[in-house]
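Chain IDs A, B, C and D follow the sequence of writing; residue 1 opens each chain.
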Amino acid sequence: MNNGIPIEYFLVTATLMFFAGVYGFITRKNLITMLMSVELMLNSVNINFVVFNRYLFPGQLEGHFFSLFVIAVAASEAAVAIAIIINIYRNFQSIDVEKTDEMKF
Amino acid sequence: MDILSFLVIIPVLTVLGIIIAKDPKHTRIISAIGMGLQLILAAYLVFAYLGERNAGNIAEMLFRQDYMWYANLNIHYSVGVDGISVAMIALTAVVVFAGIFASWKVDFLPKEFFISLILLSTGVFGFFISLDLFTMFLFYEIAVIPMYLLIGIWGSGPKEYAAMKLTLMLMGGSALLLVGILGIYTNSAPDGGALTFNILEIAKVHIPIEAQRLFFPMTFIGFGILGALFPFHTWSPDGHASAPTAVSMLHAGVLMKLGGYGAFRVAIFLLPDAAQELSWIFIILTSISVVYGAFGAIVQKDLKYINAYSSVSHCGLVLFAVLMMNKTAMDGAILQMISHGLMTALFFALIGMIYGRTHTRMINEMGGLMKVMPFLGVAYVIAGLASLGLPGLSGFVAEMTIFFGAFQHTDVFHRVVTIVAVSSIVITAVYILRVVGALLFGPIKNPHFEHLEDAKWFEKLSTVTLILAIAAIGIAPLWLSNMIGTSLQPIIDKLSMIIP
Amino acid sequence: MNLENFFLMRHELVLTIITLMVLIADLSIHEDKKYKIIALATTLFAINLIIGFFPSLTGNLFGNMYKTSDLQLTMKNILNLGVIVILLQSVTWLKTDENKLKISEFYLLVFSTLIGMQFMISAGSFLMLYLGLELATIPMAALAAYDRFRHNSAEAGIKLILSAAMSSAVLILGISFIYGTTGSTYFDTVAMHYSNTPLQTLAFILFFSGMAFKISLVPFHLWTADVYEGSPVNVTSYLSVISKGASAFILVIVLFTVFNSIAMIWKPLMYIISVLTMTVGNLFAIRQQNLKRFLAFSSIAQAGFILLGIIGASEIGMTSVVYFIFVYIFSNLGAFGVVSVIYYKTQKECIDDYDGLYHTNPKLSLVMMLALFSLAGIPPVAGYFGKFFLFTAAASAGYYWLVFIAVLNATISLYYYLLVVKAMFINKNDQPIAYFKTDVPAKIALIICVIGLFVIGFYSTIYQYIQSISFGL
Amino acid sequence: MTSFSFTVLIVLIPLFVFLFVGLLGHKMKPIVSGIIGTSGLAIAAILSYFTAYQYFFNTEKIGGAYQKILAFNTVWLQFTDKLHIDMGVLIDPISVMMLIVITTVSLMVHIYSIGYMKGEKGFARFFAFLSLFSFSMLGLVLATNIFQMYIFWELVGVSSFLLIGFYYTKPSAVSASKKAFIVTRFADLGFLIGILILSFNTGTFDFISLTNVNGAAIATGSGIAFLGLSTMTWSLILVFMGGAGKSAMFPLHIWLPDAMEGPTPVSALIHAATMVVAGVYLVARLFPVYAISAPDGLMVVAYVGSFSSLFAAVIACTQYDIKRVLAYSTMSQIGYMMVALGVSGYGGHEGLGYMASMFHLFTHAMFKALLFLGAGAIIHSVHTNLMTEMGGLRKHLPITHITFLIACLTIAGVPFLSAFFSKDEILTAAYHSNKLIFVVQLFVAGLTAFYMFRLYFRIFWNKDTHYHHTPHEAPLTMTFPLIFLAIASIFSGYIPFSEFVSSDSLPFETEIEWWPIAIPSIIVGLLGISLAYILYKKESTLPHRIASSVKFFYTSAFNKFYFDEIYMFVTKKIIFNYISRPVAWFDRHIVDGFMNSLAWITNVTSVKIKGFQSGQLQQYAFVFISGAILLGILFIYLFSI
């Protein structure tokens, strides 16, 4: 049932995605973009789960379920995050992450 | 009935009484009554103890009480006393009693003052009756902490700095101590069986030498810091200088003794091999602090600093004697603890009283006080003479016992350090006479001092209590030294067992 | 499976029901009567607390996805205790005008996070763990941002949600590798197949970082201070006590049950992390002026101490951890309680503002002092026992030098706790915080804390009960 | 064998008097306390006379030797099972002899003081201190063991300290008392260490077993040698150091002249008759040990004594303060006693020196007390210590004059007065063992005669100074002691001393060797007197010219050979500035500084690292990720297979 694409390809892609996400999270100044980067990371993990399930443990569904849950959680996370970002915008008149450093040291 | 636990219960009850007390007057009276009871109880304990011994009870510890507390860690509330603890308890009771009266006129937050003071004494009493390292350490910390507030709130001079320094250094000491105790605990059953905190049971087993090598220094230094061991003594001058009278009395008189007491009850008694092996290092340190403290005291100008340094010297002598590890010297160590406790308490009480009148502690600003306040003057002279070891007062007995005990060692090293330590008696004489001369004798320097009034009744009470105790020990030391000596036997046996 | 099996998850069920009831009540109650919800919710939760103490059977649900044992039950009860105290403390705050429309949100959010934690605690698989974790985290962000019109609050919210999201990404990355290498997310199955192959080590480290984030261990702690400072006081106390406690607990469980086969990896890890955490936490705490921030760092340092118990890896170790958390809840809540009371009366939360507090509000100062002493581990309050047992655990595993470092850190921490005591008792102040009467609920909360501080220490049965239900490696 | 347990009272009565007067003195009328003190002492005196009578005449001797009787003994403090301090009363010839000396002189001084101290404030205190001193001194001489002796030794030191500093508002008095105490304390350090070594080697403190000639203690004479001397010798030399301190032997003598700041009766009692001879008594006590197991030690004693006597005599010739002159003469006379002990051997006629020194101690106590009390009477009437402000007093103070003259003649060694005999014995002993010392002592005898009569003439003859209020004879309370002591110092020489006191307590015969001992000494004495007569009988400038002719020598002698300065230098400069100050500084800045620096470092680091908490979310994330990755790499590297 293997359609020829070796597992490594998926894993490499996932890893690239993950670190792309990390990179974005660390460098982009826009809070929304940062949120998107997090989504990227989460999705890369989803790929991991699905691929592991599909390739290594075809007999079961745990990986698939896990990825479903992750997607759901990610959605709710996004909802709350965006709400807060709006709140940030109200307070700071900007959604630049570097503006939000009133508390430090 | 459990007489020992009363030593802890009474102070606690006193504290509760003070909390519900209405005005300062009641506060004072309640604390006086409470500590008076404590004193009576302590006296009773002494006689009860001697009675038991004469009745031929040769148990190592008397009046044992043992309640399981934390079963799974084998922590007990376990109390019991031998002659040494009895002596220390008596000392504490006397000093605290005197301290209450010395601080009779505390007007700023008196309630809190007496509460903290008595809490402190609670810790001390608990420490002396504990046979379980856990409770011992518990009481130890209880005794140390109120010191911070006492100095910080009621102190004088750079009190915040002094209080913080004192607390942190002592806590640093207890850090070492805690590790030491845990080390002893975890090695308390080398050949299987339940680990225990109980001193007597640990004393039965033989802790592996490697462990001892690690934990003896920790434990000894941990207690040594409290006992003002060079070079960890620097909390003591600042602390004493800033502390209010009663606190200096308790601290120098009693709290520093926890160091000496613990040093041999825990460090040497439980870790004898390492003690034998490493004692030389600490003997050097202590003999340094004996001479060093005395020299340091010569040039001080502040009365309290002078005393603090002399305390360093005298307490150094205590640890020195403890490390000599033979019966006579240790006997002397205990005697020295008691005598130093009494006389330094007397000193600080007098300094407090004098300061309360002259509002200065600088000896070069005073003079001729003997004329205006003869009672305090005479008392001060007596304290001084006790401190420089005049026969007939307690200091002499203690020091002589130490010297002769230390000299029983036949090797050159011990002999030499002994002679070094002996030489301190001259230096002591120098600074004591310097103070007495500058403070009491000569013409009155400051016209304002012309009409200061002499001691009040409560001051006299506090002073006389201490003087009587000092003289009593000085004149008839035999019963005390025997009481201590017999109780030292187990320790000596344990030490002699492992002498290579 | 039949229905009464569901009673195994009694805590969660009851809590869910309560949450729904509050929700309905919120819908049904008229706007200017909202404050009634306070009474309602608190009462309901009190009931829940009591129910929690009823004896209950233990076992597994959903094919070991959900496990519960006496240990888990105890932990849940401990958390409930903490939460009720927090609810009592937050009454004053909720009564203020700007909150009068969103009172019920507070309860909804708190309860839902609590549900999350309770699921997390009794998780039997990484999936459940992850879900519980998220459920405990996401509403928390909303709580942190609760004060809509305070910059800090919003900032706290965003910092929390984003870093939490990222950390959980790392966490599940770890989980995905765990799954990939063992073929399961169930604890017991994973435990069977786990060893220290490179990938599994990496997976473990990633997973651990995710958890460490929640417990705010160095170097994953940086969000803590800002979020604690920004959030409303009671939320901060909730964050610092309940969620931290829950995460620490599950970490112990996971380490002892799932990763027991790679103890030789996580023990040195704990060693390093705990030394880092204690030291860094203390060093930062020394300089703080804002009490919330101050307590934030102190709680970081405390987390370092918790690891000492974990590294003990014995029955005593786990016992000490749970016990310490229990003690820590009361100590910290005592401190935070005083802070919140004073903050909502006078809007002051700096140490300097506390100068001479004792002369105007002696009782509050005493509570504060006891709480701080307990945090510092000074007898006779319970904190001393908690620390001592943690040290005992580490020492009996032979980590003497770790203990030594820890005790030194305790000394440093004593220093800054004493700074607060000094401010309250010693420092002079020409206009100290004026005397005021504390509201009854807050008062009750503080009294509970103080009682707790004394009872837990001297009443050894608690400790022994915990030991009877806990286990070692 | 009669029981001597009552002798305990001799010691205890003064103690009780001290406590009574000391605690209640300020309540009662001054004179009352005076009378209490005096009568107390009187009883003690009577008891000690009775003791002497009992001991010498009613106690049978064993083998003709006086026995050492342990009248009373109890353990006071137990060191080891071997070493224990006892408190007790030891009766033997010398202790009885000392009892008589002390109680007699002390009684005289008490009586004298009632008159002398009249109207002084602190009258009661004075008598309290006197009783304290008597108590300590009696305890000292009756000590059964060397440690009890040390204990009372210290007590004596303190009471002397208190009495010297009696006028405590006078700075000079205070510093003098301080000096006296510290110097003797320093000496006692030697004493103590001596005891440490001695007791460790012999395993006992007890005099009886220590001095038992064929006992174990003396047998342990040769210990490990150090600098060529046996430990026994060292310990004895150290013990002697203590004695030298109390007895103001060179170089520990400097406190004695200053001690004259005390009231004159005190000088008479403590610094002439009793306390200062404690050193001699100590050596005498341990004499068998010295003589048999440490002759080198005895040598040291002899030379120190001899040099001190010469040294002091020279200085005495140049002083103007009459009390200081007497002080130096005391030092010199004690030097004689030390010499006597030093040159003596043990047993039979060898022990002549021993007997002689005790003899001289006895006579010296009498006439020196007399001299001081006389001086006191003079000062009392003319209110000055300086002989330059005196002169022609013989008209005003007849009794004082006569008694003083007698005393001077006695000390000058004029035949058939007491000191003639005792000094003669000493010289004999010296002559037979060490010629050099003999010559020195002979010369000193001359000097003594000279400076004493210089004193005498300057006071009673010389120029007729007129005093702003004419001096008048002292009251009876003061003159009676003078007369009594005068008689004593005339006749005490006729006691057959060798019958009673001897090194091995076996009586032996002594006769005066007219040639080459007595005649020369008489001649030298007369020379001294006549020289003084020439120079000082009439007011003349001759002394000045002589003085200026030997200017350097004179000034240095006048300045006591600059010894005080040297001591000041050592104490003030060396100890105070070069030890104590550095120590204090070190303590504050190095030791304490280190402790503080720890706190400082902590704070600094906490400031330095605050940048990590930058408030930048992304930096947090970066730290997080890198932390995770680093840990991952580290642990994979370390622990993975």
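One rule holds in what follows: a residue touches a chain if its C-beta (ideal position, glycine included) is under 8 Å from a C-beta of that chain, and two chains touch if they have at least 3 such contacts.
This structure is a prediction, so every number in the text was calculated from the model and none was measured.
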Chain with the smallest distance from its CA centroid to the overall CA centroid?
B
Need the CA-centroid distance for the pair chain B / chain D, whole Å please.
37
Computed distance of Cα centres, chain C from chain A, in Å
27
From the mean C-alpha coordinate of chain C to that of chain D, what's the distance rounded to whole Å?
78
Need the CA-centroid distance for the pair chain A / chain B, whole Å please.
65
Per-residue overlap in chain C, given as positions that touch at least 2 other chains:
158-159, 162, 166, 170, 225-226, 287, 415
Would you give the residues of chain B that are in contact with at least 2 other chains, written as numbers and ranges?
168
Residues of chain A engaged with two or more neighbouring chains:
22, 25, 34, 100-105
Determine which chains touch and list them pairwise.
A-C, A-D, B-C, B-D, C-D
Mind pulling up the chain A residues that touch chain D in the complex?
22, 25-27, 34, 97-98, 100-105
Interface with chain C, chain D side, in the complex: residues 599, 602-603, 605-607, 609-610, 612-613, 615, 617, 619-621, 623-625, 627-628, 631-632, 635-636, 638-641
The chain C residues in contact with chain B across the complex are 316, 319, 373, 378-380, 384, 388-389, 391-392, 395-396, 398, 400, 403-404, 407-408, 410-411, 414-415, 418, 421-422, 425-426, 460, 463-464, 467
Can you list the chain B residues touching chain C in their complex?
69-73, 75, 134, 138-139, 141-142, 145, 148-149, 152-153, 159-160, 163-164, 167-168, 171-172, 174-176, 178-179, 182-183, 185-186, 195, 214
So, in the complex, the side of chain B touching chain D is made of residues 165, 168-169, 230-231, 233-235, 237-238, 292, 295-296, 298-300, 327-328, 368, 370-371, 385, 388-392, 396-397, 400-401, 403-405, 407-408, 418-419, 422-423, 425-426, 429-430, 433-434, 437, 440-443, 477-478, 481-482, 485
